[in-house]
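Across the two complexes that follow, chain A remains constant while its partner is chain B and subsequently chain C.
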Partner chain A sequence: MAESLTLEEVTISRVGEHRTLDPHESQLLSPAAQAPVPLDTSAEVTGRSATPDRLLLGSLNHPRLRLIRSLPLIITREESYVIAHMPELEEFGYGLHLTAAIQDLRQSLVELYQGLEADQDRLGPDLTDLWQMLQQFIRAR
Partner chain B sequence: MDQPTEYGPMPVLLGMLLCDHVIVEQGTSKKSLIGIFDRVFANVFPTFQQMTVYVRLIDAQGAYKFKLDFVDIERDTVIRSMETELMHIADRFEAYELIIRSTVQLQRAGLHEFRLFANEAFIGSISFRVIPGDIASGR
Partner chain C sequence: MLKSHEFETLVQKLNLKTRNTGDRHAWFEYEGKVIARTRRSHGRGDMPASDQIRQQLKLNEEELRQILQCRLYRQDYIEILRRKGKLPPAS
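Right, the complex of A and B next:
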């Protein structure tokens, strides 16, 4: 028997400070809060590989840094390791599965950004080019 | 913007959790996450588990399609893929919550994962481990 996942409900809501049920304190309510709204969805049983050849990375998962556009990655498997390669910067991430490799790549990009940011006033020409290229993808929040 | 684009602002994942239920309080719409877990114990396979994925996002603005893949890591297989309709988010400074309730049939022990994509770009994941054992001592 194949594994499956049955979707029962998918909702989305806008978050807001909405802290009281007391109508006498309604001034504390923010109009931002929103009850969850059901979303139409489509679902399919795939059976496809969970390690695609290419992937768009959309998030650094970092409290201070964010991606301003998604980054195309090339994903390869070498023996028991998955490798996430970002060709634009020649950065790599390694892991036992896709998510681990992506997390390793994210960490490399964050460390590269923070290192170049700290030394940006004394970078040579090559590292200055790299710093400028990195700023095309990553910004502080 | 009518069509999702890979070059739109990428949402930032503030949190992604796996739990038994999300209770939405009537009137305030406040959410309570009940039974947050990261492992499932099962004596027999296949086993059915009801679970809810809670996602909180910010920095989204424009048109988005969200996709959630359910993955068996050890078999390297996407078991199921779900995609929302195209939706518009107006203000990137407002946080949004996605609540995805589902029943999962687990065929074997091992690491499993939900992967979240926005306009085809990977933005985050939440994993859980299925462990053979007494369900009473489990999640």
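Right, the complex of A and C next:
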């Protein structure tokens, strides 16, 4: 036996068609809602920046090397670049934003570790000190 | 800011050894020992962190400027490092 369905009548609106606004829409379009919203410019006025001055680096994201202590970093800006600098290890990374600078620094630390490890028998006094200090922060997994 | 070609001037004038990985590494060797090292990212134009590069090479601002102006060379650099106690005294 054939089943019969009864369809409700629907109205399809077209773009640009006039219709009555619901109360919420009316509220959004009221003159008060359309008035300019004042921006918070206090950061510009006081010189505050969204980029922190200091950070602790907690990981190297490297398969063979790991951090055994957090590395204190100083973050500075130089024109359009962000620089992440670690004075104790005289190492730095830079990029157009903080994440890129941190990633560059991680890569530098890995290459520094590998380079000093490979040359450890022929390092001058400063680099011997640097190698010893680096091992206080970085170890092989 | 240091420019990429100025970094290469440092490499040339100080006769630094170099190696390219993801970055360009440069280091100063004296009598078989690695005394100072630095690096830069690949790419042309301005490079930030010139202060950090200068410090890695144990130079002050004036010494760096004079090397870039071709007024100081490798032998002068050796004397600078010796004066700063980074190299043993000349025998």
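Methods note: the second predicted complex is superposed on the first by the 91 of 141 C-alpha atoms of A that agree within 3 Å, B and C clash if a C-alpha of one lies under 4 Å from a C-alpha of the other, contacts with A are read in each partner's own complex, and residues count from 1 in each chain.
One rule holds for everything that comes next: a residue touches a chain if its C-beta (ideal position, glycine included) is under 8 Å from a C-beta of that chain, and two chains touch if they have at least 3 such contacts.
What you see is a predicted model; the values in this text were computed from it and never measured.
Chemist: In the overlaid three-chain picture, which partner chain does A:56 touch, first (chain B) or second (chain C), both, or neither?
Modeler: Once the two structures are laid over each other on A, A:56 reaches chain B alone.
Chemist: Contact-wise, after the overlay, does A:66 reach chain B, chain C, both or neither (first, second, both, neither)?
Modeler: First partner only.
Chemist: Contact-wise, after the overlay, does A:122 reach chain B, chain C, both or neither (first, second, both, neither)?
Modeler: After superposing on A, A:122 lies in contact with chain C but is clear of chain B.
Chemist: According to the contact criterion defined above, which of chain B and chain C contacts more residues of chain A?
Modeler: On the superposition, B touches more of the residues of chain A.
Chemist: Regarding the shared-chain residue A:131, is it in contact with chain B (first), chain C (second), both, or neither?
Modeler: The answer is neither, since A:131 touches no partner chain.
Chemist: A:99 contacts which: chain B (first), chain C (second), both, neither?
Modeler: first
Chemist: After overlaying the two complexes on chain A, where does the chain B footprint on chain A coincide with the chain C footprint?
Modeler: Common to the two interfaces on chain A: nothing.
Chemist: Can you tell me which positions in chain A touch chain B when the two form their complex?
Modeler: These residues of chain A touch chain B: 1-16, 18-21, 32-36, 39-51, 55-59, 61, 66-70, 97, 99, 102, 141.
Chemist: Show me the residue ranges of chain A that touch chain C in the complex, using the header's touch definition.
Modeler: 78-79, 81, 83, 85, 90-92, 94, 104, 107-108, 111, 115, 119, 122-127
Chemist: If we count contacts the way the header does, which residues on chain B are in touch with chain A in the complex?
Modeler: Spelled out, the residues of chain B in touch with chain A are 6-7, 9-13, 24-25, 27-30, 46, 50, 56, 59, 69-73, 76-85, 87, 94-107, 111, 113, 115, 117-125, 127.
Chemist: Under the stated contact criterion, what part of chain C meets chain A in this complex?
Modeler: Contact set of chain C toward chain A: 1, 21-23, 25, 30, 32-37, 39, 41, 46, 48-49, 52, 55-56, 58, 86-87.
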